[in-house]
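The two complexes that follow have chain A in common; it is paired with chain B in the first and with chain C in the second.
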Partner chain A sequence: MSSTMRAAVAAVVLACTAPIVLAQGSTEKGIEQYRQALKEGNPAELWEARGEDLWKRKRGPKNVSLEQCDLGQGPGVVRGAYAHLPRYFADTDKVQDAESRLVTCMVTLQGFKEEDAKKNPFSAPGRHSDMEALTSYVAAESKGMKLNAPLAHPKEREAFELGDYLFHRRAGPHDYSCSTCHAESGKRIRLQELPALTDPGEAQKVFTTWPAYRVSQGSVRTMQHRLYDCYWQMRHPQLDFASDTATALMVYMAKFANGGEVHAPALKR
Partner chain B sequence: MKTTMLAVAGLTIMAGCAATTQLTENERQTRAEAMLKAGFSKGNKAMAERVVQQDETQALCSKYPESVPEAIASRIQESQQATIRYPASGNLMGDWRQGEKIAQDGWGMRFTDMGSPNRPMGGNCYACHQLAPDELSYGTLGPSLYQFGKARGYTDEVRRYVYGKVYNAKATNACSNMPRFGHNGILTEQQIKDVVALLMDPASPVNR
Partner chain C sequence: MADPMKIRATVAGDATEVKVLMSHEMETGQRKDAQGKTIPAWFIQSVTAAWNGKTVLSAQWGPAISKNPFLSFKFEGGAKGDKVKVTWIDNKGETRTDEATIG
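Right, the complex of A and B next:
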């Protein structure tokens, strides 16, 4: 791990200083090398371990674990669950992603109040997020499996249609929509490549990498955070955690990403 | 067997049709708009209002994400052209050094940097465009603007075009991805002039 991290740090230094002397293509190659180096020792493993512990530990007003939580594959089945989300759940009569489903289980099984279960979805310096850890654990249990979000139930299909609408909806002082940045292949913001999320080849590669450890933020970030962060950059207001908007956008993206192998939690800039 | 196959085929066709046309356009819009509004319940109120309420250009460009019909495009361009306010002095050129700072700066209008009377907002041009050759960290969502003035000529006409483009990009390209910096109050008149100078001053590094 430490030699990997050293190599990674060297790669970061390289990536940061390279633009002065190297042409654009070489810069991108340097960043790719840095990503490869980091893959060998992903700090997200610490989140996965903490998440597994949280999953198995008796918590909440009812003092029970999450081990009977139904993530879509039956109570207690974590293996493969993330690869089949978002999906429709009859008990809530809603389409849910991993994070909103974890909230449901924390409320129904452990007796947390919904607002408490939703209180701390994203960590900050000096403040861990249990949700980030739990999501890392759940996602890791689908590593190597093909994403197969169902999109068959009428509510799943409706979520897709609403997600399609929201993905292309331009608004705010800058007229931005998701598609401003994510509709065309081969584009960048500064040096950051932008995936075309309606292109199956590209969506399969990136959608399946969240949650991910983000080096620039020193933390695992989830898909809910990715959407929140995009809306921030789009000059939109704070997107509520586990909102239907987030779920609809995820269902929309999952349709194109289906078939891609789950590599979460991955490692990113 | 035959009837089973027919039934399966029938179901497949039904499912296929339902998958593409489950909601009418009106239903889809009404539900998605309500959903979006509900999803910003904890966000800044003024920001949420501005986002929930699209203007006509935004609504039309959202409706035709692939390509906007020609008649609608002309209507948008006409209405947006009418919003452009050129400087009363007639002078469209500011200071390219300030323009470079504005082009580098992405500050403003996010919920963590809402704006302040003491801190002008940035234009963030480099996020999408290549400009001065020394800056290699540039985006490619927009075309390269390197040698913009040198290639087109340092004329009044081109300066006026650039000022208008930065002020309201939808006046010349109906559903451009580019923000309307003047029209939407992101950049001030002086800042836009500085950006014009960055592109149009022969001394600017963009034209080296």
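Right, the complex of A and C next:
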């Protein structure tokens, strides 16, 4: 056997043992490349455009637009609002995220009934969701800004404490909590990495990517939907849309994600 | 009516790069709904792009193209300020045309 042949054989043997270690890394790299390639053609932009149109269009029983909606930066200010949510709002005396705040505006400004405003938060095949579009638009107006959700008001502290409790409390037939999957680095479901949301480095990267266009669902999904789906996956009771429970979990996660750059609406599997 | 497309056109050397996002269900006709009934096929069949009235791309599409398709292509020529017009027609005869200015 020539020396080059031997070297080739050695290389083959190496190649056979190496993939076990490499597989995960290279797959994730592949997914990363795929995300990069698709970034410039993110269909979420179609949602942003539709959301902007909905924001400016006169709708509801009162036939007014949402242009005077106060998302925390004053009436009508959309720019940068998403980067400072969730936060406490004095008029509702509640801590609210972008979606529950949009519900408030649809009720107070446009005259929708609360149950109507909350009726269709998540789209289904053949049925658009205005909430997904509006949230995409609002989030996109904070692109590139650093997340800075406040945690100074007593109500915000209270929501944080509640979120902390809920995040770690095991329940349901599987005895799961959020922390079962999201409190340790390096965990996966199949090929999907599970971020450790109590680790600022990881939380900053992912929390700020919602809402996102999910290729597998052919739609933009919001943070409310992500939480709703996590609750379903844990076999917990259904998480109500725009509920205080959902907001509390967001306040809790936002604390670790603060400082991360807003990339929403992102593009995901 | 169908939702608008998002078109970006930029000069890249002596060519123009066009990126188009379309809003369309792109049903293959192979899927079934919750009741087990086949969801009828509904997809974009023809795409054309014109630069200042001259066709620079003409494509026939089928059900294998994804939902909310993204199309990127280059053509020779094009200058800042020129218009690029993209039109699609689907198998139901629905159509949508949008225009963008090369930047």
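Here, the second predicted complex is superposed on the first by the 245 of 269 C-alpha atoms of A that agree within 3 Å, B and C clash if a C-alpha of one lies under 4 Å from a C-alpha of the other, contacts with A are read in each partner's own complex, and residues count from 1 in each chain.
Everything below uses one rule, namely that a residue touches a chain if its C-beta (ideal position, glycine included) is under 8 Å from a C-beta of that chain, and two chains touch if they have at least 3 such contacts.
Note that the coordinates shown come from a computational prediction; the quantities given were computed from them, not determined experimentally.
Colleague: For A:243, is the partner it touches chain B (first), chain C (second), both, or none of the two (neither)?
Modeller: first
Colleague: A:114 in the overlay: touching chain B, chain C, both, or neither? Say first, second, both or neither.
Modeller: After superposition on chain A, A:114 lies in contact with neither partner.
Colleague: Among the partners chain B and chain C, which is in contact with a greater number of residues of chain A?
Modeller: B
Colleague: Which of the two partners, first being chain B and second being chain C, lies in contact with A:169: first, second, both, or neither?
Modeller: A:169 sits against chain B, while chain C stays out of touch.
Colleague: Look at A:32 in the shared chain and tell me whether it touches chain B only, chain C only, both, or neither; answer first, second, both or neither.
Modeller: neither
Colleague: What part of chain A is in contact with chain C in the complex they form?
Modeller: Result: residues 38, 40-43, 45-46, 49-50, 125-126, 215, 218 of chain A touch chain C.
Colleague: In the complex formed with chain B, which residues of chain A make contact?
Modeller: It is residues 19-20, 24, 27, 154, 157-158, 161-162, 165-166, 168-177, 179-181, 183, 186-192, 194, 232-233, 235-240, 243-246, 248 of chain A that touch chain B.
Colleague: Which residues of chain B touch chain A once you look at their complex with the stated criterion?
Modeller: The contact residues of chain B facing chain A are 18-19, 22-23, 28-29, 31-32, 35-36, 38-44, 47-48, 50-52, 54, 57-58, 61-62, 65, 109-112, 126-128, 136-141, 170, 177, 179-180, 184-186.
Colleague: Provide the residue numbers of chain C that touch chain A in the complex, in ascending order.
Modeller: Chain C reaches chain A through residues 3-4, 6, 19, 21, 23, 25, 33, 39, 66-68, 70, 72.
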